[in-house]
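For reference, chains read A, B, C and D in written order, and residue numbers begin at 1 within each chain.
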Amino acid sequence: MTVHNEALRDHACLIVHGPDQPGLVAAVTALVTRNEGNIVSLDQYSDNPAGGEFFQRVVFHRPDLAAATPDIDADLTATLSPYGVSWKLTDQSIPKRMAILASTSDHCLLELLWRHRRGELPVTIPMVISNHTNTAEDVRTFGVPFFHVPSQGPDKSDAEAKILELVTGNVDFVVLARYMQIISEDFLDKVGVPVINIHHSFLPAFIGAAPYRKAKERGVKLIGATSHYVTKELDEGPIIEQDVARVDHSMTAADLQARGAYVEREVLARAVQWHAEDRVIRSGNHTIVFT
Amino acid sequence: MTVHNEALRDHACLIVHGPDQPGLVAAVTALVTRNEGNIVSLDQYSDNPAGGEFFQRVVFHRPDLAAATPDIDADLTATLSPYGVSWKLTDQSIPKRMAILASTSDHCLLELLWRHRRGELPVTIPMVISNHTNTAEDVRTFGVPFFHVPSQGPDKSDAEAKILELVTGNVDFVVLARYMQIISEDFLDKVGVPVINIHHSFLPAFIGAAPYRKAKERGVKLIGATSHYVTKELDEGPIIEQDVARVDHSMTAADLQARGAYVEREVLARAVQWHAEDRVIRSGNHTIVFT
Amino acid sequence: MTVHNEALRDHACLIVHGPDQPGLVAAVTALVTRNEGNIVSLDQYSDNPAGGEFFQRVVFHRPDLAAATPDIDADLTATLSPYGVSWKLTDQSIPKRMAILASTSDHCLLELLWRHRRGELPVTIPMVISNHTNTAEDVRTFGVPFFHVPSQGPDKSDAEAKILELVTGNVDFVVLARYMQIISEDFLDKVGVPVINIHHSFLPAFIGAAPYRKAKERGVKLIGATSHYVTKELDEGPIIEQDVARVDHSMTAADLQARGAYVEREVLARAVQWHAEDRVIRSGNHTIVFT
Amino acid sequence: MTVHNEALRDHACLIVHGPDQPGLVAAVTALVTRNEGNIVSLDQYSDNPAGGEFFQRVVFHRPDLAAATPDIDADLTATLSPYGVSWKLTDQSIPKRMAILASTSDHCLLELLWRHRRGELPVTIPMVISNHTNTAEDVRTFGVPFFHVPSQGPDKSDAEAKILELVTGNVDFVVLARYMQIISEDFLDKVGVPVINIHHSFLPAFIGAAPYRKAKERGVKLIGATSHYVTKELDEGPIIEQDVARVDHSMTAADLQARGAYVEREVLARAVQWHAEDRVIRSGNHTIVFT
């Protein structure tokens, strides 16, 4: 059964994305109004008002939203098709289903579980999957199902197949919460939902493995973390959020890693929240984030 | 003669403020569209979608804006009067005229002059007025007229009268860039334009004089600065922007003051820019800032 | 039985505090050397090199520290008494015992328990005491004893007596992790160990109750948190650490509170760590923090 | 004639650097004491207390420092030679002589000149050298000599020869304040003093030209600046300081550049101040910065 968020009952989020044209904002707002919606928030961005790409996010309240949705959908098709733009209408009261993949590190995993318990992440968490068992007890404390899918050996296809079996049809997006296995192109092709990763460096600095060791070697004065959508190009996907922390010469690579963990959990939690709230629009290798 | 900013030619900014009602956003965007405007950016906020206060800022491009303005004004009156909201339409290509009042400190004054020369502040600066002469040479380097209005003695009414004479009718707002004289209620009544101040503390901490000395005495670990509109209640006006800097036990009150100067100039410059771009809406003792 | 930290085995921390005099640093470092210690880190501060107050923290490694301590103590007395300064020598491998007092909010409490489990806080936690029971299950997951001491009614003396009974002789310091009861002067007199609090505002702004509501009313653009030692003057004790987060007009008082929780847990955790590592020296209503 | 800073009269800074050994700190502090110095500040760092590299910075006050310096030098040789460490003793009241090289951008150049006039940089500025003339007027306002050394054409050897002629023997370090010419290895060999650069990205991200354009293409959420010592490997020298600023999808590459200018001037000014105060010790491709 779907969990509904009472405060967001009858709130819809409409994302519009396509070529910018005069009158587009007015067309959307008029559509909302004639469908008895009251606009709660509206964000828009055009990368070039003279013929660029247009992005819009409108949240509106409409009593009996579920009953009205077929009519609104039909009106959207009639109204927006001539503009050649795409759109997506979601019911904000239906939380997205999020799978978390983790390894031994617990800081990102527990942060997500804890923020969810506080009611700060509009998601449900049908499963945590880990290739280790050390976090199983903690995860169960939060009342979330824990699945152990080991990934020994060079061939990860068995593990990936099991993960696909667990997530397919059951989740709306997947979060890699310091999951220390490379995701194959094949997995990305099959999973069919967005995959969000947290990389433990300030991308594009220190791409690849062991970024804290590389940061120590280079002698940087700030370390960072980056949350991004996973694409077939490793560490090259669209960036959702980044942040940094100050470090100094006295810190070892292990100190950087310990300090960086606090940046990682914060950056990932923000990215997950924005994604869950439909605040992130992907465009090529970029993101538009309406915070 | 008015300086015009070429990049903002034919761009209008419309501010709407009043009781929130269904259909208001659609009414405004439809109005812009039927007056041949193309919306470049749109920000809105309602402090309570069910009957709260509504704030909106729309920037739109409209060829031959000046010629069309009377028609747009008439349409605004016809369209928005029924909603009981207030509005203000400004031509973004006409920079606001800003007077700067200063004393001996040069850091806020020079920052504003320098950012203006870089083209980052959409204002003209018809005058700098100071109760000291030490910055006169620097100000003239920037090609800005400098007026010395001394303010000796306990009675400031003569000085204020001279300042009023200089600014009345000549400026759209006044900036106190570390002007170390208390502004009288009488001056505020007469000046008739917004007055922006930079206070050298993180308000409401350390209200009044000598905030860096008080900060040292209290042993705080961060110092701050606050830019606000000046009202008759000293240091109590609506806050536009604030920021802080980290300090430690080893710093003297003079060190705090030197460090704080960098926060002050940054906070004041941001507040001035946002005000000049019509991004700040006052509401009671608060500001809505659409950045 | 005392838990020992292997990495800090045979490490001593020496704090020296008193009137600054020529030769004091040399006297201390010579003492360490002749007692076969190797200085690992040394921090010092004088609020006025010409006759001010002097603060020093020296960490040194000395094989068989426990056996050598009586001799070092005797040498300290002989060497430093003539200078009229006070000193304190601690074995860094013996973690301080910390009691946590909490109420319904879990964010500061869980952050301390979790950082402790990660090995980032050099303390033992013999007890968590709460006037509510909602966090009992979580606390037990961390293997820490939980005591429920209710505090109904206006007279808190019974509750305080029970807390004193639990902590007396069993802990080296007490942390108020969003404990929502006023601590009496009598309790402070009797407890005999430092008490660290986290206040949910950027002190001295918004002293007293409901700081997030007051922050909303004043329209500030940053909110903050302050960790300080508790003294008989409410919210006036020496500040150990502070930090802030950016907020805007669209956030309600409840939003500020939710956002502020992340600042609170971070600020408190840093203050606790620095206190546990003997990095904080109190001097009047100030702290010297050697980070 | 050398400018002396009154507040730092008779203050010496001693830097010690070499293999860590027991007793080294005590040997240095005893030396200062027997030479009648009073230690004002002391910082030290060892990258491994068991046989690593040791770095120390001691500032002490010694009446009639100039007269005592030969004796102190002799004592340093006698005392520290057996330890196999290197040392450097400088008179803090003698400011370092700094040449600034600039191109058309004025933000870093003016920041250094202005901070120097405020008394915040302990340097003298015998010359500004630019390959353009647009900043000449501003530089002269600060009473600093301006030299125009054009650098047309692919062969920069003439321009570099002229710069070497100007700086050789006249300055203690060179600052590239957004100087947009590649410095040749030959120049570095001949100049014989440290050269500090400001790179307009968060190194090692976006090495090379046009970092703001690359940052826009990658869609980062923070931009940065890095000040480093120049070495023969372009953009690979030891980092002194870094900082970042938050950006978003709506900003163009030009916006990033305008925003980044404020980070650049702040980062470069801090690096220059620390270098001028002998707070930065180079070790391989790293820096130890005692702030």
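Convention: a contact is a pair of C-beta atoms (placed from the backbone, for glycine too) under 8 Å apart; a residue touches a chain by one contact, two chains touch by 3 or more.
Chain identities (UniProt): A, B, C, D = Formyltetrahydrofolate deformylase.
This is a predicted model, so every value here is computed, not measured.
Participant: Determine, using the mean of C-alpha atoms as each chain's centre, which chain is farthest from chain C.
Facilitator: B
Participant: Considering B-D alongside A-B, which chain pair is linked by more C-beta pairs in contact?
Facilitator: The greater number of contacts lies at A-B.
Participant: What is the distance in Å between the mean C-alpha positions of chain B and chain D?
Facilitator: 37
Participant: I'd like the Å distance between the centres of chain B and chain C, where a centre is the mean of that chain's Cα atoms.
Facilitator: 42
Participant: Spell out, as numbers or ranges, the residues of chain C touching 2 or more other chains.
Facilitator: Residues 45 of chain C touch two or more partner chains.
Participant: Taking the touch rule as given, give the residues of chain B at its contact with chain A in the complex, in rising order.
Facilitator: For this pair, the touching residues of chain B are 22-23, 25-26, 29-30, 32-33, 36-46, 49, 61.
Participant: Please give the residue numbers of chain A that touch chain C in the complex, ascending.
Facilitator: Residue list for chain A touching chain C: 107, 110, 114, 118, 120, 137-138, 141, 258, 262, 266.
Participant: Would you pull the chain C residues touching chain B in the complex into a rising list?
Facilitator: Within the complex, chain C touches chain B at residues 45, 202-206, 218-222, 224, 238-244, 248-250, 285-289.
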